[in-house]
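Look at the two complexes coming up: chain A is in both, with chain B in one and chain C in the other.
So, the complex of A and B:
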């Protein structure tokens, strides 16, 4: 009997070291590479024709583009235009990692918190840097709520600052926990199918089929949530509005 | 366009025809794509809020625990950290809910 957590094990495929730093090429890195190659394939090959009436692949590429373009326009406004490529890349990368993870025998890089936390940290540091570049030292007033007596500020400013620093954690935990829980659940019910055998195993099997559909929705939804929160944080930094 | 030999007038006519047929096939008065988008947004908001609160508690608790270990203030900084962390998480959740309901109010009566 396999453990349901076995699917998350990192395996070294190519051993590689820089000094004492372990930079091996792992199965996680392999599936990230596959996600990048597939996403590039969809966008580059799909848009090569530039047909007025799009084909299937072009339809997918345009759908993704317009979805994120609308999201950036609605949530950040015109100032967000220059950050659109980053948000589209982030969304497509997470979406491909999540969806590819549902393929049997594959690996889900986004089920590891270090992967999601690295992405969230890039967003957090980038957004903070943008805030300080756009507003200078004035950006600090983001942490001071308006129209509050001074005594309350002593209490509210630390809360505001911690709220701000919670962001990368909530961003990464949300994606990682959803992926981890979903895949563990699928594996556990897969184990039930084997245990119950040919007579009663059909019930968990039917559940797995339905649950895979839900997982597909969650795979999309979590990529969407990550992208839209990046937009909202960007909007906070650019327009300094709560 | 990759086929310049086709006449644009006929092309437009074909598109109009397709539009009319699509409208007919979708039935009157129903806009399925619109509803889908709203429900995605609502589910997205729901996913945000839960983790916002938990992450606040975790971060506050961690800072408190670390201060305890570092400065030897046990257990007071852990308690204060958990309280402030909870407040921060609730603050984030509150902000998410408020921005959502503001948007809902602006766009008309989306909320039931």
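So, the complex of A and C:
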């Protein structure tokens, strides 16, 4: 029987090397391409008609747009308007990668930590740069909570600094671990179905069906959490809430 | 002790984090239900926050899973 971890194996589809640098087109890249093409399809084809009463596809596109626009408005305020395209792109890309990963025999790019870490690092570096551009050197005072006695500051400032620099790791590990754990669990229970055979196999099968529904919710939820945490970090950098 | 045996024990110990996560998730939904019973009209408005809290708490369990995997497969 195959190992439940085998689904995360990266295979080279087209060998392509620049010097010693391996830039092969892998199955991960293939599914990312499919996600981008599908997302573009939904938004470009869906909005082509620009109907006042939206059809199905236009409804989906407008729903996604409104959802993220509302999230940015509520969490960052008007100052966040210029970062809205980035957050919408991030959300839609992660959502499509997650959901497409649930298709049997597909591959989930977001189940690899390097993919999610690259996204989280871009968010982290971008947000830090925005903080320094908006507030200059004054942004360093973000690490110093206001109205706290000096003795406590010795303890709190290192904690604040650590919790700030841990952000890209927690952001990326959250998404990657959710995808990894969900898919592994589905495959482990798939193994149970085969092992228990025709008489008792239906019990884990029923569990798999229910769990796939939960996985669909988690696929959406993790994209939502990634986007909303990006909004919260952005809000911290722009408004320096403490 | 054998290194392989120590690895298995370590991975098992890493799952102790689930105790805290269980308390956390139970607390989130328990508070939501009791709040929703007191004020049913406000319930739909906070459900988004409930799901966000659930996802953040669940992530802690998955951090433990990552540590268990690291102990088992990386070292």
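By definition in this document, the second predicted complex is superposed on the first by the 241 of 242 C-alpha atoms of A that agree within 3 Å, B and C clash if a C-alpha of one lies under 4 Å from a C-alpha of the other, contacts with A are read in each partner's own complex, and residues count from 1 in each chain.
We take it that contacts are C-beta pairs under 8 Å (C-beta built on N, C-alpha and C of every residue); 3 or more make two chains touch, one makes a residue touch a chain.
All values derive from a computational prediction rather than experimental measurement.
A.B. asks: Following the superposition defined at the top, how do chain B and chain C come out on chain A, clash or fit?
C.D. replies: clash
A.B. asks: Please indicate which partner A:192 is in contact with in the superposed arrangement: first for chain B, second for chain C, both, or neither.
C.D. replies: Neither chain B nor chain C is touched by A:192.
A.B. asks: Please indicate which partner A:221 is in contact with in the superposed arrangement: first for chain B, second for chain C, both, or neither.
C.D. replies: both
A.B. asks: Once chain A of both complexes is superposed, is A:50 in touch with chain B (first), chain C (second), both, or neither?
C.D. replies: In the superposed model, A:50 contacts chain B only, not chain C.
A.B. asks: For the three-chain arrangement built by superposition, which of chain B and chain C touches the greater number of chain A residues?
C.D. replies: Tallying touched residues of chain A, the top partner is B.
A.B. asks: Looking at the overlay, what does A:181 touch: chain B (first), chain C (second), both, or neither?
C.D. replies: The second partner, chain C, only.
A.B. asks: Which partner chains sit in contact with A:173 here, chain B, chain C, both or neither? Use first/second/both/neither.
C.D. replies: A:173 sits against chain B and chain C alike.
A.B. asks: After the superposition on A, what does A:163 contact: first (chain B), second (chain C), both or neither?
C.D. replies: A:163: touches chain B, not chain C.
A.B. asks: Chain B has the stretches 8-16, 44-52 or 80-88; which one runs into chain C?
C.D. replies: The superposed arrangement places chain B into chain C at 44-52.
A.B. asks: Under the contact definition given at the top, report the residues of chain A touching chain B in one complex and chain C in the other.
C.D. replies: 170, 173-174, 177-178, 221-222, 224-225, 228
A.B. asks: So in the complex, the part of chain C that touches chain A is made up of which residues?
C.D. replies: 51-52, 54-56, 58-59, 62-63, 65-66
A.B. asks: Help me check something: in the complex, which residues belonging to chain A touch chain B?
C.D. replies: Touching chain B from chain A are residues 49-52, 158-160, 162-163, 165-167, 169-170, 173-174, 177-178, 221-222, 224-225, 228-229, 232, 242.
A.B. asks: Within the complex, which stretch of chain A touches chain C?
C.D. replies: 170, 173-174, 177-178, 180-181, 218, 221-222, 224-225, 228
A.B. asks: What residues on chain B touch chain A, complex-wise?
C.D. replies: 1-2, 40, 43-44, 47-48, 51-52, 54-56, 58-60, 63, 84-85, 87-89, 91-92, 95, 99
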